[in-house]
Amino acid sequence: MLREEKMCTAGEAATEIRSGDRIMVGSFGNSGYPEALVDAVAQSEVTNLTIISNDLGSPGIGLGRFLANRQVKALIGNYYNWNPDVAAAKNSGAIEVTLVPQGTFAEAIRAAGVGIPAFYVATGVGTALTEDKPTAVFDGRTYVMERAIHADVALIRARKADTLGNLSYYKTARNFNPLMAMAARLTIAEVDEIVPAGELDPECIVTPHIFVDMLVEKVKR
Amino acid sequence: MLREEKMCTAGEAATEIRSGDRIMVGSFGNSGYPEALVDAVAQSEVTNLTIISNDLGSPGIGLGRFLANRQVKALIGNYYNWNPDVAAAKNSGAIEVTLVPQGTFAEAIRAAGVGIPAFYVATGVGTALTEDKPTAVFDGRTYVMERAIHADVALIRARKADTLGNLSYYKTARNFNPLMAMAARLTIAEVDEIVPAGELDPECIVTPHIFVDMLVEKVKR
Amino acid sequence: MTDLVPKEQAKTRIARWIAQEFMSQQRRLFINLGVGTPTLVANYIRSDRIFLQAENGMLGVGPRAPSGQVDPLLINAGREPVTETPGCCYFDSATSFGMIRGGHIDATVIGAFEVDETGSIANWIIPNGRQMGVGGAMDLVAGARQVVVAMPHCSGSGKPKLVRACTLPVTGFNEADLVVTELAVFRFYETRMVLTEMAPEIDLDGLKAITEARFQVDPQLRTMAV
Amino acid sequence: MTDLVPKEQAKTRIARWIAQEFMSQQRRLFINLGVGTPTLVANYIRSDRIFLQAENGMLGVGPRAPSGQVDPLLINAGREPVTETPGCCYFDSATSFGMIRGGHIDATVIGAFEVDETGSIANWIIPNGRQMGVGGAMDLVAGARQVVVAMPHCSGSGKPKLVRACTLPVTGFNEADLVVTELAVFRFYETRMVLTEMAPEIDLDGLKAITEARFQVDPQLRTMAV
C-alpha cells in the first residue's frame, strides 16, 4: 500500500514543484544527481526557481539546463566555475547568486533538517562571503553565525530504496543527498532500484524513510 | 603496522586517562557501553573525573561504579533517574551535575566534533535548564544558544572494527558512540571483533577511522 | 486518580483512544511514545502507515520482545526490550533528535505531572531532590508536530493534574495539543483549551469539580469512546 | 613563473618535496589535497600511514583511476576519477567538512593566487566576473591543522605571488603554515614568515628580488631537495 503511495514517475513528481519554489538538488559536478527528475523539471513550465545545489552542472547540461531554460531566479551554492553561464547571468542581472563555503553549505542544509536555525563556524571569518553576518567570540576565536538553508522540495539521488523509502547511496554520490533529504518540505528520491521493505540491512540504511516522501525508480534502458 | 599502533588492552588504554580529565562514555542505561574500558578505569587510581554520558548506569553498576568509587567530580548528561546515587551525591555537595536535554546533549557532542562552538535550538526555552543561556529570535520563534561539549578522552563501544579503526555498531547501541568518537582529543574504542582493513563494506562504515585513536578488542570468554 | 474508572481500565482506555485517533488520520504517521501509559498505545495500533520512533536511535520499533527473545541492545528509550519491524533502521542520537527537533515526528505521546490551561506541560521533574533526569522530554514537546498528553485525570492523591498554571518545573510552554485522560479529551487551539469529549461516567459539573484548568466546551461535545 | 625551473619540473619538485615532508613525520596523517599541483603530491607518497580525504565524502582515496576503470561516482573534489584503498569509506558532506572544520584533518595542500607575509591566503576568486566558486577553500584553510600552500614562486606574468598584503579577496587570514614553491620553502610562526630552504638555482638576493613579502631567514637555512 505504502509502495503505491510513495512511488510515482518523474513527470508526476515534477508536478509537485511550483514556480517560485526553493528547490534543492543533490549533485556534484554532473555526478550523482537525479537525472530523470531534473529532466522532468527542465521540461516543465515552472520558472522563477531558487536552486540550492553544490554547483550548476555545465552549460546546458545537468542542472545547467535550468539556467539555459531561464527557469532560475536565484542560486544558493558554492562552486559555479564548472558552469561559466552562471557568472554571465549574474553579471547581466538575470539571476541572484549567493555563495556559501561548501562546508557551511552542507552544515546549513543539515541544520534545516534537524531544527537548528543558526550555528557558528570559523570558516570565512573576515572574508567577503561573511561580511554581512554576525560574529561572536568563543574561547578566544572569532566565529561567524550562519543560518539554516531550507527548501520547498528536495530532488535527491540514491542507489537503492526499499518500498518504505529507506535509502542507501553509492560511493561519493552520497555527498549532499542525505542532507537535502532532511531539509525540504517535500523530498523526492530518484533511485536505481526499489526492493521490498526489510531487504536493506537496517544498520546500513543511510536515509531513514521518515525523510522521504516520494520515490521515482529510474527507468532501465 | 597500523594495527599494532592502535591496538592495546583495556588496561593500557586506561593509562591514557589522567585525574581531572573530561571523559565521554557511550552508554544508554547499562546497554552498549565499553565494559572492559569502564572496568579498567574503575580499577585505576584516577579521580576528579568529569563524566559526560547519557546516564550513569545503576548504583555501583556500569558507569555507576565511577561514582561508587568516588572518582567523579562532575557529571554532564541528561538522565540520572536510573541511578539515585547521583541525586544523593549532588545533594550532599560531593559532585556537580549539569543536566542537558538529551537531544541538545547529542547535538552538542557532535558540534564539538565538527568544529561548531555553538548552535541554537528551541528545546527547553524558558525552562530551568536553559535559564542562564543566551536566547535569540529567528523567524519569530525564540531559541536558546547551546555550546559544544568537548572531552579529553572518549570511551566508546562498537561492534566491529577493521585494523585501521573504522567502526560499525549494533542496533540501538549506536546512539551516542559515533558522536563521542568525534568529540574528544583521544578516542578509544572497545569492539567485539577486529577484521582486516577492507573487510567492512565502505558504504556501511559508520565511524571513519580518522576519529579513532586506539582499539581494544573485547576478550572472548 | 478518581475512583470512577479503575486504574488499569483507565490506562487501557487512554491508550486505545489515542491509537484510534492516529489510525483515523489515514496517512503516514511517525510517532514517538514515552514511557508508561504512552507505550501502551502501541498495543492498539493496527496500521502499516504508523511507524514508531525510539529516541535512542531506532525507527520502526515493533512490539515488546517476548521473554526468551530479548536482545539487550534492541531496546526503546525506556530500556524495554523491543522487536524490529521490516524496514526498521538505526541511527545515532543526533540524527534521532534531529528528526524530533526538525519537525519530522508527527506526534509524541507523553505522560505529565501537570498540564495547565495554556498548554504548558510539567513532566520532567518533581523537585524532591531524589530524581535528576530530563531525558528527551524537552526535545519532544518542543519538536514534535503534535504533543499528546496521556495521563490520569487526577493525581494519586486525588489532586487535579489539569491546572491553571503549572506549579512544577515546566518542560515546555504552550506545547500541548491534545490531552487524553480516562474521563475527558481536551484540545488546545493556540492557548484555548477546549473539552471535545467526555466519558460516560461523568457530567460537566463533575468534570469541572476535578479540573482546575478553565476550559471551553466544544459545541459538538461528544461522548468519549470507552 | 620564473624561467629558472621549467614548469613541469617545478610542479614535480613541489609535489615531491611536500610528500617527503609528510612521510618524514612518522605518524598517522590525514590529508586533503586540492586540485592542480597539490593532487600530484599523492603520486609521491609511499606510506601506509598517510590517508587522503576528498571533501566530497571519501576517506582513503587511492591513485587516479586508469582509463577503462573509471567509475563516474568515484571521484575526488576536482571531479577526477580515483580508486579505493582498503578500508576506505564514504560519508555525507556535513561529516566530511565536520572532519575538516573539527580539526581532524592534519594537513591540507592547496594552491594560491597570493600568500602574504602574515600568512593570509587568496585562492578562491580573481574578481573578473567570469568565475564564481569558493568550494571548500575557506573551510579547508580555516579547519585543517596545517595549511600547506603549493604554488609557483611567481605568477604566469612574472609577478610575485608572495606579497606584502593580499590584493585579491582573501580566503583565510593568517592561515598559511608552510609555503612551498619551486625555489623556496617558507614556514610561518604566528605571523612571522621564515625562509627555511632555498633551491640551488637561486641565491638570497635573487629570491628577495622576486618575493615581495618580507621574510626572515632561518639561521639553519638549507638547500631545497630537488
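Each chain gets a letter, A, B, C and D, in the order it is written, and its residues are counted from 1.
The criterion applied here is as follows: a contact is a pair of C-beta atoms (placed from the backbone, for glycine too) under 8 Å apart; a residue touches a chain by one contact, two chains touch by 3 or more.
These numbers come from a predicted model, not from an experiment.
Peer 1: For the pairs A-D and A-C, output the one whose chains share more C-beta pairs in contact.
Peer 2: Output for the comparison: A-D.
Peer 1: From the mean C-alpha coordinate of chain C to that of chain D, what's the distance rounded to whole Å?
Peer 2: One centre to the other, that is 56 Å.
Peer 1: Which integer distance in Å separates the CA centroid of chain B from that of chain C?
Peer 2: 30
Peer 1: Rounded to the nearest whole Å, what is the centre-to-centre distance of chain A and chain C, using the mean of the C-alpha atoms as each centre?
Peer 2: Centre separation, chain A to chain C: 35 Å.
Peer 1: Would you give the residues of chain C that are in contact with at least 2 other chains, written as numbers and ranges?
Peer 2: Each of 90-91, 94, 97-98, 100-101, 143 in chain C touches at least two other chains.
Peer 1: Hunt down the residues of chain B that sit against at least two other chains at once, touch-wise.
Peer 2: Counting only residues that touch two or more other chains, chain B contributes 107, 110, 114-116, 121-122, 169-171, 202-203, 206.
Peer 1: Let me know each pair of chains that touch one another.
Peer 2: Touching chain pairs, listed by label, come out as A-B, A-C, A-D, B-C, B-D.
Peer 1: Quick check: in the complex, which residue numbers of chain D touch chain B?
Peer 2: Going through chain D, the ones touching chain B are 28, 30, 48-49, 51, 53, 59-60, 84, 86-91, 94-95, 97-105, 143.
Peer 1: Spell out the part of chain D that touches chain A in their complex, as residue ranges.
Peer 2: Residues in contact with chain A: 54-58, 71-75, 79, 90-94, 96-98, 100-101, 129-139, 142-143, 169-173.
Peer 1: Given the complex with chain A, which residues does chain B contribute to the contact?
Peer 2: That would be residues 107, 111, 114-122, 136, 138-139, 141, 143, 147, 168-171, 201-204, 206 of chain B.
Peer 1: Under the definition above, what is the set of chain B residues touching chain D in their complex?
Peer 2: 1-2, 5, 110, 112-116, 162-164, 166, 182, 196-198, 200, 202-203, 205, 208-211
Peer 1: Over in the complex, which chain B residues touch chain C? Could you list them?
Peer 2: 28-29, 31-32, 54-55, 78-82, 84, 86-88, 90-91, 97, 99-107, 109-110, 121-129, 169-179, 206
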